[in-house]
Amino acid sequence: MASKLSPAQDGPDLATRLAATRGLSAALAAPLSDADATIQSMPDASPAKWHLAHTTWFWETFLLRDHLPGYRRFDERWPFLFNSYYEAEGARIARASRGLLSRPTLAEILDWRAHVDAAIAPLLDDPSLAGLIELGLAHEQQHQELLLTDIKHALFQNPLGPAYSSDAKAPSVESPADDGWWDHPGGIAEVGHGGRGFAFDNEGPRHRVLVQPFALSQRLVTNREWDAFIADDGYRQPRLWLADGWAWVRAEGVAAPLYWRDDAHFTLAGWQVREAEAPVSHISYYEADAFATWAGARLPTEFEWETIAQGHDPAGGNQLDAPGPVAPRGAPGLFGDCWQFTRSAYLPYPRFQPAEGAVGEYNGKFMAGQFVLRGASCATPRGHSRASYRNFFYPHQRWQFIGLRLAKDA
Amino acid sequence: MASKLSPAQDGPDLATRLAATRGLSAALAAPLSDADATIQSMPDASPAKWHLAHTTWFWETFLLRDHLPGYRRFDERWPFLFNSYYEAEGARIARASRGLLSRPTLAEILDWRAHVDAAIAPLLDDPSLAGLIELGLAHEQQHQELLLTDIKHALFQNPLGPAYSSDAKAPSVESPADDGWWDHPGGIAEVGHGGRGFAFDNEGPRHRVLVQPFALSQRLVTNREWDAFIADDGYRQPRLWLADGWAWVRAEGVAAPLYWRDDAHFTLAGWQVREAEAPVSHISYYEADAFATWAGARLPTEFEWETIAQGHDPAGGNQLDAPGPVAPRGAPGLFGDCWQFTRSAYLPYPRFQPAEGAVGEYNGKFMAGQFVLRGASCATPRGHSRASYRNFFYPHQRWQFIGLRLAKDA
Amino acid sequence: MASKLSPAQDGPDLATRLAATRGLSAALAAPLSDADATIQSMPDASPAKWHLAHTTWFWETFLLRDHLPGYRRFDERWPFLFNSYYEAEGARIARASRGLLSRPTLAEILDWRAHVDAAIAPLLDDPSLAGLIELGLAHEQQHQELLLTDIKHALFQNPLGPAYSSDAKAPSVESPADDGWWDHPGGIAEVGHGGRGFAFDNEGPRHRVLVQPFALSQRLVTNREWDAFIADDGYRQPRLWLADGWAWVRAEGVAAPLYWRDDAHFTLAGWQVREAEAPVSHISYYEADAFATWAGARLPTEFEWETIAQGHDPAGGNQLDAPGPVAPRGAPGLFGDCWQFTRSAYLPYPRFQPAEGAVGEYNGKFMAGQFVLRGASCATPRGHSRASYRNFFYPHQRWQFIGLRLAKDA
Amino acid sequence: MASKLSPAQDGPDLATRLAATRGLSAALAAPLSDADATIQSMPDASPAKWHLAHTTWFWETFLLRDHLPGYRRFDERWPFLFNSYYEAEGARIARASRGLLSRPTLAEILDWRAHVDAAIAPLLDDPSLAGLIELGLAHEQQHQELLLTDIKHALFQNPLGPAYSSDAKAPSVESPADDGWWDHPGGIAEVGHGGRGFAFDNEGPRHRVLVQPFALSQRLVTNREWDAFIADDGYRQPRLWLADGWAWVRAEGVAAPLYWRDDAHFTLAGWQVREAEAPVSHISYYEADAFATWAGARLPTEFEWETIAQGHDPAGGNQLDAPGPVAPRGAPGLFGDCWQFTRSAYLPYPRFQPAEGAVGEYNGKFMAGQFVLRGASCATPRGHSRASYRNFFYPHQRWQFIGLRLAKDA
């Protein structure tokens, strides 16, 4: 099983949380037309409708098909459409073709969701399935975030610049007073998930690491600072860049974060004036690394980040009503504004073992070529953040809400 | 002006024909959802919604903007979205990005269409605009055919194989009795449009050509014959193929016409069993040429085709109610089943001059690398066919209703 | 057989001509090191060594293997390396990989050439083989020209700009006095090869065509005129260009003929100052067409060109000693400076039949997507030019010595 | 400066070592013709001549230009040709174009080498330059290995399969008796270069890490074992592969290590029968990882590897005469057969700082997307191996002599 779950759960019961999570997915699609929910702007991103369907396929396959005797699929032809990458679950359409599925319609997908939700109900009391259901909830929450980042990217392609929603969340403005550093003396630290509550398999096993003395900035880099980097020819000085990053800058003609244009940037609420003190977002690893070099600092390792964040872990509470910034516990920006690239490659922890079966394809098979991001963003659903969480992307990718927190040697 | 028009017109008046043509475009979109009308399966094809909008942009730009004093565009931002390739009309979105436009919605496009139709009305009585309006009608008819071929291609990408419409037209079954040849003794012939009625600029000037003695098949090649070609390893013998064609077969893994699978093929009415005696369709020039070589024949030149077709020209009558096979005048299949590739490259006629201004970009600038197709297909609107009509595609393209008529030296 | 040959031949006997032609190939390679002769700058071009080897393979295969009992190949492994595109002769290395063959060495290839030459000698008296030998000679002459154009392109890639030979030929300077037009009243003309002497299969059958009245410039367009085209923003006005040409200009950033830099251009003698009155060369069909449009003229058809050139045909004499300008017969520049793009697509003549067997792959299978060029260039060997000759290239290709002669309607 | 150097050096003096290293480069080129030394088989690999020239450019630039007053470059045009990737040293030809440089000739490059060697002599006694000279030696040794792996790849492209040299070295056959494991109890270990002698900047700073208990195989995986992996459908089971690896297998049609064909493999001595007990080589990270998964083991981390290898470090002795297997110190295969992929991404050590100036581009800018390899191969020059050495390649690359050593949790 691809999760680490202790038997006892605090907070709302499973049925309540399942209803809330499933309802939130549908609510996220509410501002979208069938056509909006169908388009796909690049192979990395998926249509909103596809996210609604894929998460439902996940429940139907791994919970209903495998554990509900007599369950028959809503439509036998749909797994081919909505399996993402599970080789053990058979063939599927090419990722780049997800945007060609005008059928089934959004309404049909919502019908399917209701059908599956109803079928799940009798299984919620089976304690042997609790871990699988927790995995399904976490999986659906991940796709809630992707639904938002993907529709943002799709709407950005439209020269009309349509808004997803006028009151959509964005990274919040940092207080200038936050300009300090957390100092850490180094030593043996424990990292990885080891306590109660759900975690993905890639967050464990919990283990000890040796950390060198370091300092971690108490805030994210801001748009104002990024403007200074640009003004200082940051995108034109090869000495600041990793070799692959410099090749990327030149091949793609990169000269600013994604979504920037003049003094504005594209948001889920449409084109908006950029706020100077808001955290910069939608940057690649290459850009983050070049900025850090320019600033005389560096990116933190994932364990430096986690060691600090363990004192501010939001995972105790599970707020369910909407995605958006988690109530901070004294550390604004660690969770809920932007994901933060670390200089750690996404690799297995000691003694990591992927789960048996198809759900074992969840995390482990992506452990090459990507970097770990820590924290959470304004698009991360409440209840989905924790100090041990490991997100991962390729160094050129930047359509997620990705920002930057500096570190330095102490 | 990109058309050749004589002053007098028989048949329905302009207002009636405009209403019929504009109405047919909307009727063609009726079976489609907003999402269906938004997707784009390849850069060669456009979304149905885009066809509805582009034709409207054409009217709004070249008729209303240029000739209706005080006209204001419905939306100033839309020309950037719906200009196709008119360099003189400024920048536009990349062709491959047309499928990302979930907005404006299909309903908004239909509102625009009504707005433009109403604005056009007062101009219909101005005889100086009649030629331009005829061009607009012919242009819209071309897009009616493309709307059908493009949505067919888009729906084909969907593994569910949805039908556009259960009663959609398809190439009709030929009578086995049609198995004869038209013989022509050769000599000086007149070709090109020179009479009354509308024609595109590329159909003229009418001029004399010297034709060698030849024979032209009275029918199209059938699915049955194509099956024999496949059975005889037609797709595996390089000696049958043009060099570029053989490279295409190997690079794309081509082994049958587009839309074929086992004994079925994909149609506008969904997946259907192929009829052996129906004309083969959706073949490339490369395939047509290889088949002809295999059959010991060749493709006709465009002038051979036209010389024969002049005796069967449907252009006298303008039936308007629906796309579909033209009532034949003794020559089944010349018009209304499948376009027929000729061995003539698409090049200018002697003394050809493109029109002045943006509409001069209509035809002439495509005169390199393409082949001429003659006839019309089951998707061609009534009233849009004539013996001098020159359609053109690249030799690898086959998503149109393209068939094959053989010729031989006499 | 892929040639048209009358039984009697004037001029030097076959043995003399074979020796001269084979010797010229080797002489063309004399300025080159083994490394020079090995490199390949693009898939369209081949290494010099490869040309020496491929022509030898042609003789060994179609003459010695097929007609000399008991002949054993010099090396059984080499046909895989040096077959160009003859599908009937089996598999071969990818075209783009020809530049990876550091072995066999240039010396080994020259040994092979001597071996094959010796083996051919006894076959020269067999009249049944004369046509095949003529084809071999013409084939080798074509590769002599390609050897020069390909090594020019390869040396151009080297930032050091090395010269092939300090006394290499280039297009000659036109006399300003040549500024007239040949007028033709139109009518029935005979075109194609029909007389005595060798011709390729694609030059026939000789047949009648109907030509419209026209005028053909008596000289080629010059560098001075091309400078004026550039100065008038010729490369920046889309209205001058074919659609495919404009896309090519933008994708490749084309702003001048190939090999131009400031006031110089790269030649077989290295970088040289351009002469204003010399013919422009190394232009694509797209550029030629755009220039003609800018100049208010057009390209000639291949039959217009041939009709004029028939009065100036150099094919009577076969000078053998070196490549270079043919002694003009009153029409400077028709033959021997630059090939001239026509507006005619490369297509079969009426009743064209490719030869049986592998040599039938020589010409016919390339009849799609290319344009006909007429004349000859400064790199064409003497004795290889005639009024009916049809060269052909894709519209974007320009590494040959290609210039431009204007035509207009009379 | 991009190296860590203690003031005192044992072993031969600098002049002797410089002469030996420079001489070895020339000796490695001895079996090659000018043409052999010119070709380039892929952008990742460089021509042999280019390696000879680039290393000379390195000495001329960073030693002679910067430290020998009055030195004038041998040819001012050559830095553009032979700078590899040093942005601070200005523009240079595209990497993929290195194989088009038939000039300068191999002989000219060798003349340049002699010229530079002579110019260096007076600087050898300047102790302030010793570190830079050590870096130059190490740099040249790296290119000696690349020269061999690159010419192997180039000759492999030739269907004739020419040998580089009949007595070229290859990975040696392991003794079946080596089938044991080194067990390590875990704990704090010191890693990285910290002692005397040269090391690259990326090998330091030396620092402490916490290692988990593990076992490391005492031998490399063999061809026999790899055959078993293939026989068990190792290349056809997606569950064994990383997602990127599986995509690579399918896109490239990978079904065996590079250079394998039937029971043979291509070596520097030409095509040879594979020895079952020799270490498998020329595998990618993806293949190594899939094999380890199949075998129920995993790849070691770079620190696990180094911790074991510290007991077997060959860096004390500097044998100079030829590349090839280092005399083992009780651990056959750690050094001198094949590089060994670790599961560690190539990232900076704590407090790593690249050197100031152009030589600072040596290592640090490649720290994204690559994996660390440890050990040395049969192509590594003697004296270039040590326990702290960090080689790095992308996970799909396999043209180096790369093998596989398994690890497991203890």
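For clarity, chains are labelled A, B, C and D in written order, and residue numbers in each chain start from 1.
Quick note on the criterion: contacts are C-beta pairs under 8 Å (C-beta built on N, C-alpha and C of every residue); 3 or more make two chains touch, one makes a residue touch a chain.
In this text, all values refer to a predicted model and were calculated from it rather than measured experimentally.
Shared contact partners of subunit A and subunit B, listed by label: none present.
Most remote from subunit B, judged by the distance between CA-atom centroids, is D. When the contact pairs of A-B are matched by residue number across B-C, A-D or C-D, over half of them reappear in C-D. Computed centre separation for the pair subunit A/subunit D is 37 angstrom, with centres defined by C-alpha atoms.
Here the spacing of subunit C and subunit D, counted between their Cα centres, is 47 Å. Put simply, the C-alpha centre of subunit B and that of subunit D have 60 angstrom between them. Contact of a single residue of subunit D with at least two other chains is seen at no position.
Within the complex formed with subunit C, the residues of subunit B that make contact are 85, 87-88, 188, 207-210, 212, 238-239, 241-246, 285-286, 289, 343-345, 347-348, 350-351, 361, 365-369, 371, 395, 409. Those residues of subunit D whose C-beta lies close enough to touch subunit C in the complex are 33-39, 41, 77, 80-81, 93, 97, 99-106, 154-155, 157-160, 162.
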